[in-house]
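Shared chain: subunit A. Partners: subunit B in the first complex, subunit C in the second.
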Partner chain A sequence: MTIAVLLKQVPDTTSKISVSGGRVDESAVSKWSMSPYDEYALESALQLKESGGGDVVAITCGPARAAKMLTDAAAVGADSLLHVLVEDLNALDSTQVQAILAAAVSHCSAQVVFCGKQAADTNAGSTGPGVAHLMGASCVTMVSEVASEGDSFTAMRASSGGDQRVAVSAPCLFAFDKGTTELRRPNVRGIMMAKKKVAETLGASDLGVDTSASSVSVDSHSPPPEKPPGQRFEGVDSVAVVVSKLRDEANVI
Partner chain B sequence: MDVTVIAESSENGLHPVTAQLVGAAVAIGGAPTVLCAGGWGVEDAVSISGVAKVISVVGDCFGSFDGGAWAEALSSASGGDVIIAAATPAGREIAATIAAIRGIPIVQDVTGLAPGISVTRPIYSGKAIESSTVGTPCAITVRANAFDAAGEDGSAEVSTVNQSADVAVAVREAIAKASERLDVAEADIIISGGRGMGDPANFSHLEEIADIIGAAVGASRAAVDTWDEIPHGMQVGQTGKTVTPSLYIAVGISGAIQHLAGMRTSKYIVAINKDPDAPIFGVADYGIVATWEDALPALKAELGKL
Partner chain C sequence: MAYEALDFYDIDSLLSDEERMVRDMVRDWVDEKVIPNIEEACRDGVFPDEWRVDLGEMGILGAPLKGYGCPGLSYIAYGLICQELERGDSGVRSFASVQGSLAMYPIWDFGSEEQKNHYLPRMATGEWVGCFGLTEPDYGSNPGDMITRAEDKGDHYLLNGAKMWITNGTIADLAVVWAKLDGVIRGFIVEKGDPGFTAPEMTGKHSLKASVTSELVFQDCRIPKDRILPDVKGLKGPFSCLNNARFGISWGAVGAAQSCFNSAKEYALSRIQFDHPIASFQLVQNKLAWMLREITKAQLLAYHLGQKKDDGTWIPEHISLAKMNNVDIALEIARMARDIHGANGILDEYPVMRHMANLESVKTYEGTHDIHNLILGRHITGIQAFTREFTE
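And then the complex of A and B:
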């Protein structure tokens, strides 16, 4: 069984984002990391492999800098790496990204796909369901845990009514929420082995995907609107003042 | 402009965010058709102002949640130039799948819309705002509380479509929620506790206040990670839930960037923290420098008087 894990490299959650000339200045991002939900997808894929066997292939679609993230995935145990080189992901619309990733999954002959429920840069969450549809796979989102059960899989997912254990069979895709699992850290041996691992690198056109005509064009980026400075109060006596302001000034209670 | 709104509804009826979706549709010049999955919420959807018609889509597949199957069933009635859904977990999944079925792009978690179609949305967890132009047809999900709700004086006609799809996700076991408390993702007022609460038992003080004002109780990741009694479902932030309530009260929460990522777009923010330099005060509309031990009993008493 081959488990494909879809990973995206994003600015680390602690990184400052600065805008210059109407665009986010990517060169000013101090640190790039694997998107947090993708880390849970990867961890769970590695656990599934350990309990049920198989290979984990880490796939990313992104610019050259994302190679580092694939090496990080190898360091914790991904068996093979596939990098679909796209210099400017912002220039693609959701249909194109999904077509690339679905073709990459099929290139790896994977029937089972793990990914994050959304990436921490756009926070969209379109990729999992879209790729699942293109693969003809069942899709489970908000997943915290997956186990194999013969030819099928069971997953824990969060829903507004409480958690549910659901069953699906391959082909299937699981989009991860933050799980209950601890993330593993790479050890020295893993890091050494990962340095030797070479990612297969393809272009979108190698996968037969046309990236020319995006139907979404980014006009500009801007810093978030400045919030006027808030009002500050000291001590317990101010609670009554704040409550009356919440009622009369803000009208929220 | 032919706009289709996917109602946010469940066995419990229509979620109020649906009126905001209609508000968003009107912002781009549409008198929308509202689809109610499983027929839920039809009675309330018809009275939303500006709705052209309501379609009740009924079928066996709506018995339990399978986003792929629901999207398949709903897509037959989602032929509009623009499809609008709520940026909730289910809304995002259904809209993304319908977009994939139709081969059209989707832009998620939009907070501004204008004819054209111009969309704005927060990116990098609100550290920047992106404006883009999207061709039609397209799908869009909108963030709760970003658009004014349409009024309630409509009288749209209803038609019923029988349309099911194969369900591939079988529910084996439903685990009841640990508590019957309101979910932070659903609430219009949230009171959250952080590590500064000192002990999970102290969250009872937050619950008492929540009960008075109809709020949900949330938590920081430090609280969730430190105490087993505080479930992950309560976590607000980068790796928890993104919330946009009218009022967010942060108690004993320092205001780390990853926590702010999940709540900074709340309409009003109150912070209670004993440290005057806590970063949470940087986003608070009303900051109270005090210990929760002092402030919460006073808050409870004042709210009780309202």
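And then the complex of A and C:
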């Protein structure tokens, strides 16, 4: 069994994001990381491989810098790596990215796909379901855990009425919420092995995907409005004012 | 906020992917495991056993050694490991230095094939902890005059004497002990539980509080004949171990200095006095600029020395210069950072005073600051000034 894990490199959640000329300034991002939900997907895939056999192929669609993230995935145990090189991911619309990833999954002959429920940069959440649609695969979202028995899989997912256990069979795609275990730390042996795992690098056109006409154009990015400064009250006299503000403005009492 | 290491001259761009990945692995571990727990470990005066397990699992113990289950990394990678560990705390770096450079290294270089196969794989995983017994109560800077003796009793060796200031001593499963056999310094492997061997812990330290420091006492301690390191005689044995550990310290000191610099910079930007952030005053900026300058120089020294270690073109004096300089500036930076923090600088909420106190030990062990000056003085002039007796 081959499990394909879809990984996206995003600005680290602790990095400062600055906007210049109506665009997020990517050159100012100090640290790029694997999107956190993707980390859960990767860890779960590695665990499934350890319990049930098979291999894990890590797939990313992104610019050259994303190669580092694939090597990181190799260091914790991904068996092979596929990099679909797209220099400007922002120039593509979601359906194009989904088409690239679905083609990449099929290129790896994978019937089972793990990914994050959304990427930490766009938070769009469309990739998993979109790829599943193109694959004609069952799609389970908000997943925390996956177990397999032969060709069938059971997934735990959050739902409004509590946890749900869902059974599906391949082809299938699982989009992960926070999983049960955080991504393992690499070790020196894994890092040395990662050196030997060279990523296969393809362009979108090698996969037969046309990326010429994006149906969406982004006008501009803007930073979130700055938080208004806090208010400060001193002395007993201010109690009445504070109470009225808490009741009428903040609606907390 | 993610830790952003000061790297003014972009040393990062000189590293291989593998070196960077190892560095990031250790950096993340220090952020996650060491920094949140270090103050408690210092207060309790313990080296948390969990850290031993983690260091073994990461596979970084004995980093530059090859074979026998050892990692086989470059010396630059080893340096980066030390840098990140010591950014957390000098005590954590000390644990790794002693295990890798002072206990594993002599077995790896001077041990028999049986000794290597027996000890090294278990030491690389952290299952067995080692220590290094050279210093004695009366012989620190001049270990050549050590008192500890070994006698050949036919079917065993008998050790008598005492070592002091031994890092990891009490928690160690084995000690590499330097003792005189027929007047010649030789290395012996003493195991926990050997008859006549005890390792009481030393207490009352104001420095390296999260590192275990011990005495090693040998009273008619019997060890089997196959525990002598066969391939080295004289001070060359312990000194070649020290070369590797000192190399690691020259990188480690940079880590401690980076930690102090970051804390001082952030504090200076947020602390308002006379209506302005103290970072806006020229005297404070002068201090920060000095720190930046010295850290950058120390990084370049460490990096170039790493290259020389990797290509084999180094001499011990190169290491003396880097150990002496980098610890010296790190200690000065820690003191300056403490000053910038004002009264807050003495609290355990900030890392600066802990680093400062740690670095006082680091300045003294592995050859005191001035002993390295004497090593360099001898190199420059050809005249040794350690002793008035010209016996060399």
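Points to keep in mind about this one:
Following the convention adopted for this analysis, the second predicted complex is superposed on the first by the 234 of 253 C-alpha atoms of A that agree within 3 Å, B and C clash if a C-alpha of one lies under 4 Å from a C-alpha of the other, contacts with A are read in each partner's own complex, and residues count from 1 in each chain.
The criterion applied here is as follows: a contact is a pair of C-beta atoms (placed from the backbone, for glycine too) under 8 Å apart; a residue touches a chain by one contact, two chains touch by 3 or more.
Since this is a predicted model, take the numbers as computed values, not measurements.
When the two structures are aligned on the shared chain, A:Ala75 is found in touch with subunit C, with no touch to subunit B. Once the two complexes are laid over each other on the shared chain, residue contacts for A:Gly53 go to neither subunit B nor subunit C. Contacts of A:Gly150 after superposition on the shared chain: neither subunit B nor subunit C is touched.
Counting residues of subunit A touched by each partner, subunit B versus subunit C, the larger count belongs to B. When the two complexes are overlaid on their common chain A, residue A:Ser160 makes contact with subunit B while staying clear of subunit C. When the two complexes are overlaid on their common chain A, residue A:Thr14 makes contact with subunit B and with subunit C alike.
In the superposed pair of complexes, A:Ser126 makes contact with subunit B only, with no contact to subunit C. Contacts of A:Lys195 after superposition: subunit C is touched, whereas subunit B is not reached. Of the two partner chains placed around the shared chain by superposition, subunit B is the only one that A:Pro36 touches, whereas subunit C remains out of contact.
Once the two complexes are overlaid on chain A, the subunit A residues touched by subunit B in the first and by subunit C in the second are 14. The touching residues of subunit C, counted against subunit A in their complex, run 1-2, 4, 17-18, 21-22, 25, 28-29, 57-60, 63, 71-73. Contacts from subunit A toward subunit B in the complex involve residues 11, 13-14, 16-17, 19, 24, 36-37, 93-95, 98, 117-118, 120-130, 132-134, 138-142, 144, 154, 158-169, 172, 178, 180, 214-225, 227, 230-240, 242-243, 245-247, 250, 252-253. Chain contact summary for the complex, subunit B toward subunit A: residues 10, 65-68, 71, 89-90, 92-93, 96-97, 99-101, 103-109, 118, 121-135, 138, 168-177, 183, 185-186, 189, 213, 232-233, 235, 238-240, 242, 246-247, 257-258, 261, 267-270, 276, 281, 283-290, 294-295, 298-299, 302-303, 306.
Against subunit C, the residues of subunit A that register as touching in their complex are 12, 14-15, 30-31, 68, 71-72, 75, 185-189, 191-192, 194-195.
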